[in-house]
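Starting off with a structure, shown below.
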Amino acid sequence: MSLLLENIHKRFGQVHANNGITIEIEEGTLHGLLGENGAGKSTLMKVLSGFIDRDSGRVLLDGKELDLTTPRTAIGAGVGMLHQDPLVFLPISVVDNFLMGSPGSRLLNRAEGAAELRKISEPFGFNFDPEAPARTLTVGERQQLEIVRLLWLGAKVLILDEPTTGISEIQRVDLFATLRKLAEQGMIVIFVSHKLEEVEELCQRVTVMRQGQVVGEAELPTPAETLVEMMFGQIIAESDRPHVEYGEDVLALDAVTLKEGNLTVPDLSLSVARSEVIGLAGLEGSGQRTFLGGCTGLVPALSGSITIGGQGMAKRHYRDFMRHGVHYLPAGRLEEGLVEGLTITEHFILSGEDKSFFVDWDAARQGSQENIDHFSIKGFHDSTAESLSGGNQQRLLLAMMPPGLKLLLMEHPTRGLDIESADWVWTQILARRNEGTAIVFASADLDELLRYSDRILVFFNGRVIKEVDARCTTGEQLGYLIGGKEPE
Amino acid sequence: MTTESRAERWGAIAAPIALAVLVAIVLLLLAGANPFEAFKLIGEGAFSGWANMGETLMAWVPLVLASAGLIITFNAGLWNIGIEGQIILGGIAASWAAREVGGPGWVVVPAAIIAGALGGMVWALFAGVLKTRFKVNEIFGGLGLDFVAASLAVYLVIGPWKREGVASTSGTDLFRDEALLPTVAENNRLSLVAIGLAIAGVIFVYYLMKGTMFGLRLKAVGRNVRSAFLLGIPTSRYMLGAFALCGVLAGIAGSMQAIGFHFKLIPAISGGYGFLGILVVLLAAFRAAWIAPIALFFIAMSRGSTQLALRLDIDSALGGVITGILVLLVILGGGWQARRLLRREAAS
Amino acid sequence: MILAATWSEIWSAWGDVFTTASLASMVAAAGPLIYATIGETITEKAGVINLSLEGSLMLSALAGFGTAFVADNVLIGFLAAAAVGAAIAALIAFASIELRLDQIAVGFVMTLLAIDLSDYLGNRFVGEAGPAVPAWPIPGLSDIPWIGEVLFDHNLSVYGSFVVVIVAYIFIYRTRRGLELQGIGERPEGAFARGVAVNRMRYFYTIVGGSLVGVAGAAFSLDQRLGWREGLTRNLGWIALAIVIFGGWHPIRVAIGAILFGFLQVVALQFQPVFPGVSQVLPTIPFPLMILALVIVYTDWFRRLGDRYPRLRGILAADPPSGIGVAFHPE
């Protein structure tokens, strides 16, 4: 059994996301698809799994062309996709999630479904409570459920799209063991990632994509520099960490307990100085977001004291924190940061310092154009927020930040951005740092955390379990820590 | 970005109007009436004779005020279905003032108008608090308050404020002359005060939305509450502010109904202008500049079609049917246009 | 003066509420409301809000009575009413899915339009006596003391409402297709990934829900309120929408809500002579009670009940399907 993608093309308006992609994969192979954000990997996988239609090209399994018009026909053809955020139905039970969409008798037989679930899960060591609602499962467990479900439906090709974001090291090791077992049983596993080390660890062959095209294939093991050169078209040099002087303490937490929804983060004590960069590491929902919220007044502190620049801020409101020089950049650029339907100029007006009641549109447009030029935002002063690309949205958000901040809090500052935009973002952030702003940021990208942080706080299960010096920690150690384990 | 040509834009407006007229003609023919005679009657019913014109304009005033208020709440992303109740409370409060406040006209009339504004504002704030503090969707909170307001009006009319000896749902006693809006002529209801308030309302809303920080911030709240909050906008306060301002305008509309049109409190003091206002604003595509002419059209249709009932034995609801179909077709047509443009852009 | 009733008056009025005749009329009166609320529950479970109920009920009630009157056939009346309800619902689904319009805006316009249409077209039928659903006490079961009269001494329309609740429950929670229905409303991308034809199904369930609303209209004009007049079903459409929320989008709880509403109306009726001063206001008490109910349903305390009684979690749920009101597009 072999899978052949033949000359796949897909355009989105002007963007040629998939430009003549041809890949051949043998059965029982763990095949990596490597490329950085924006290379076209996701588009290709959406084509393969039936989510979007390709413009031209064929996909053949054992010489027979596959019908991939919808996800249903794709699964029927044996192609299953595991999304980065597994599409489970949160209020619905595990066994119902397992059964939904599968063919079978009109009346649901949950007992039978639970039995099937157990049967398939056993060899992999997965453990599910069929009655529990899916919202109680961790991301790793949701992935397991999806894999098991796709297996049950007869998948012969399994595509995993960036599966290791949001799971711990232990879960990642388990996942890789599962994938190896599947490959042994003859399944074709396509592992899509931008993380070189993981592809190197797991896969036997790798295809590298850049800007919509296949730029190379390699049999692993292969020297990393070769792969890096293929991914970026150049060798990326590791930048040196510059020396920076810290200032006085700007943020001080003393025995603070925060509560957000069901999550209680107890007993936080920390001091952050001017020009210090603190990284927050941990799995999704381990408390980093709550911590950031607590530092800016979005999440109330049940006890303890919070001071900003020496000023006690307990029980103060979000807007008070803003007034004291704290700025919060949320992860959802369009969901939480920008307002859909409003123009760039309107955003600058809203984030500006002007206290007047009336709006001077002429002056506003002028100032907006100045900002657009200064921050190289690809857009016009009357472009709406949603018409901008992710990178330009982030530029706009950074341009909207007031000057002279004491503390900058960020959630996933470079999520979903290509390397060029991500670099630019960090240049801006570090410029602020050099001016004396303290930076606290949460990220799922361990490389980013290690590269830019001075200290890293590791969150697990709603508490800070360890504080490490970023300079003397490796990625692997950090990976173990976010899973709650001491590194081996 | 592909934009539509001039011809397309005019077509998008003309087509629904033409279709609506066609439907109206068909309905009239089915009812056995002559369409042209019917349209002539509608025009006559609304505009023939000074007294008639005056009444048409006095019916137009509360609709315009309510619509203007709704533009504010729509901008805040709210479906202020409670507007009917806000108009009613305005009417009740103005009626109270008309009955209780003594003195000459230049004391009572402003008192009634202010009372109406406050009454509408308070009622709107109830809906606002239910939404912001108790998370009750403003559609259902508003509906519930509409029912309560309507019951309150009925209770007052047949209870504490009932006519001497006769408890009738046709309304309270007429207010004394000083409490009524000054009119232009003896037998004409037209009051320049009312017209002035209506125009002032529209201008106020227009500039509030376009030229002030409040309007821009409200727009942000309406589009994305979370982002607006993180930008530092006190979102609950702004929503309550939107409710309050709309309530003021609705309350003034109610006072116009009480002391300018009916001259007493009746159970149906709102005249349905709240819900009708929503249609006006939808048809006006949320543009303040368009609500005045569109409201006039609605009123003309509504009043004109009562003539149909009198002279051609056709139910006066035809006016509402025609305007309803028109709004529906314009909305659907707008969606169709937008989809066509999107598809054209994707293909390029 | 208002509360000058004696204890014995209150007691006897309360007792009158629970006579078999009174309870039977409550069950019968709830019938049409159950059709409407279950229909809307299905529609909203699929992720579509049909706000036009107030108008749909009115227009389909007219359609039902009008066609039944002209054809002298009750069944045809019901079919016509169902068709009208389905057509309005289909329009809303089309406007949302194809034209990407706001479901609430289109639903609201349809409400006012349908009410005006029903007034305009209904003139002809005001005051006319038309066919009614024939009574059909179930042989045997209706002789059982007390329960027999309350539950089994009605007609097909009322029995149908029982059936609809049970079928809806079984379908949604015990069948494969019903599970897919839950998926469509909860997370359409997920259902799409499972191979469910999301938009096609949304059309289908919206139309099914709309048909049930149509049947409700006919149940009013051909059974409960016999005949047609302006404002026949006034306010009941809005009440139905509120009951769906109050019922947590669960057919059983929604039906309980509908019956509760009928119960409140019977109570108001029985107590009118006892408290004559507020007799006008009592019938409107259910409406502010609805607001109160909605407030309670959204409080933390109520939400935590689901944690304390996990077995009842399904029926105590308060959240709408997460994907409700938003059109789904695969790209």
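All chains are identified by letter, namely A, B and C, in their written order; residue positions are counted from 1 within each chain.
Assume a contact is a pair of C-beta atoms (placed from the backbone, for glycine too) under 8 Å apart; a residue touches a chain by one contact, two chains touch by 3 or more.
As the structure is a prediction and not an experimental result, all values here were calculated from the model.
Undergrad: Can you identify the chain nearest the overall CA centroid, using each chain's own CA centroid?
TA: Central by C-alpha mean position: chain C.
Undergrad: Decide which interface, A-B or B-C, involves more C-beta pairs in contact, and give its chain pair.
TA: B-C
Undergrad: Which whole number of Å gives the spacing of the CA centres of chain A and chain C?
TA: Spacing between the chain centres: roughly 44 Å.
Undergrad: As a quick test, compute the distance in whole Å between the mean CA positions of chain B and chain C.
TA: From the centre of chain B to the centre of chain C is 29 Å.
Undergrad: Between chain A and chain B, tell me the centre distance in angstrom, where each centre is the average of that chain's C-alpha atoms.
TA: Taking the average C-alpha coordinate of chain A and of chain B, the gap between them is 48 Å.
Undergrad: Can you check the complex and tell me which residues of chain B touch chain A?
TA: Residue list for chain B touching chain A: 211-214, 216-217, 219-220, 223-224, 226-234, 345-346, 348.
Undergrad: Under the touch definition given earlier, write down the residues of chain C that touch chain A in their complex.
TA: So the residues of chain C in touch with chain A come to 174-180, 182-183, 186-187, 189-197, 313, 317, 319, 322, 330-331.
Undergrad: Contact residues on chain A for chain B in the complex?
TA: Of all residues in chain A, those touching chain B are 13, 318-319, 322, 328, 330, 335-342, 346, 349-351, 354, 356-359.
Undergrad: Going by the contact rule set out above, which residues of chain B touch chain C in the complex?
TA: Per the stated touch rule, the residues are 27, 79, 130, 134-137, 139-141, 143-145, 147-148, 150-151, 154-155, 158-159, 275-276, 278-279, 282, 314-315, 317-318, 320-321, 324-325, 327-328, 331-332, 334-336, 338-339.
Undergrad: Could you please specify the touching residues of chain A with respect to chain C in the complex?
TA: Interface residues on the chain A side: 51-52, 70-73, 75-76, 81, 83, 87-92, 96, 99-102, 104-108, 133.
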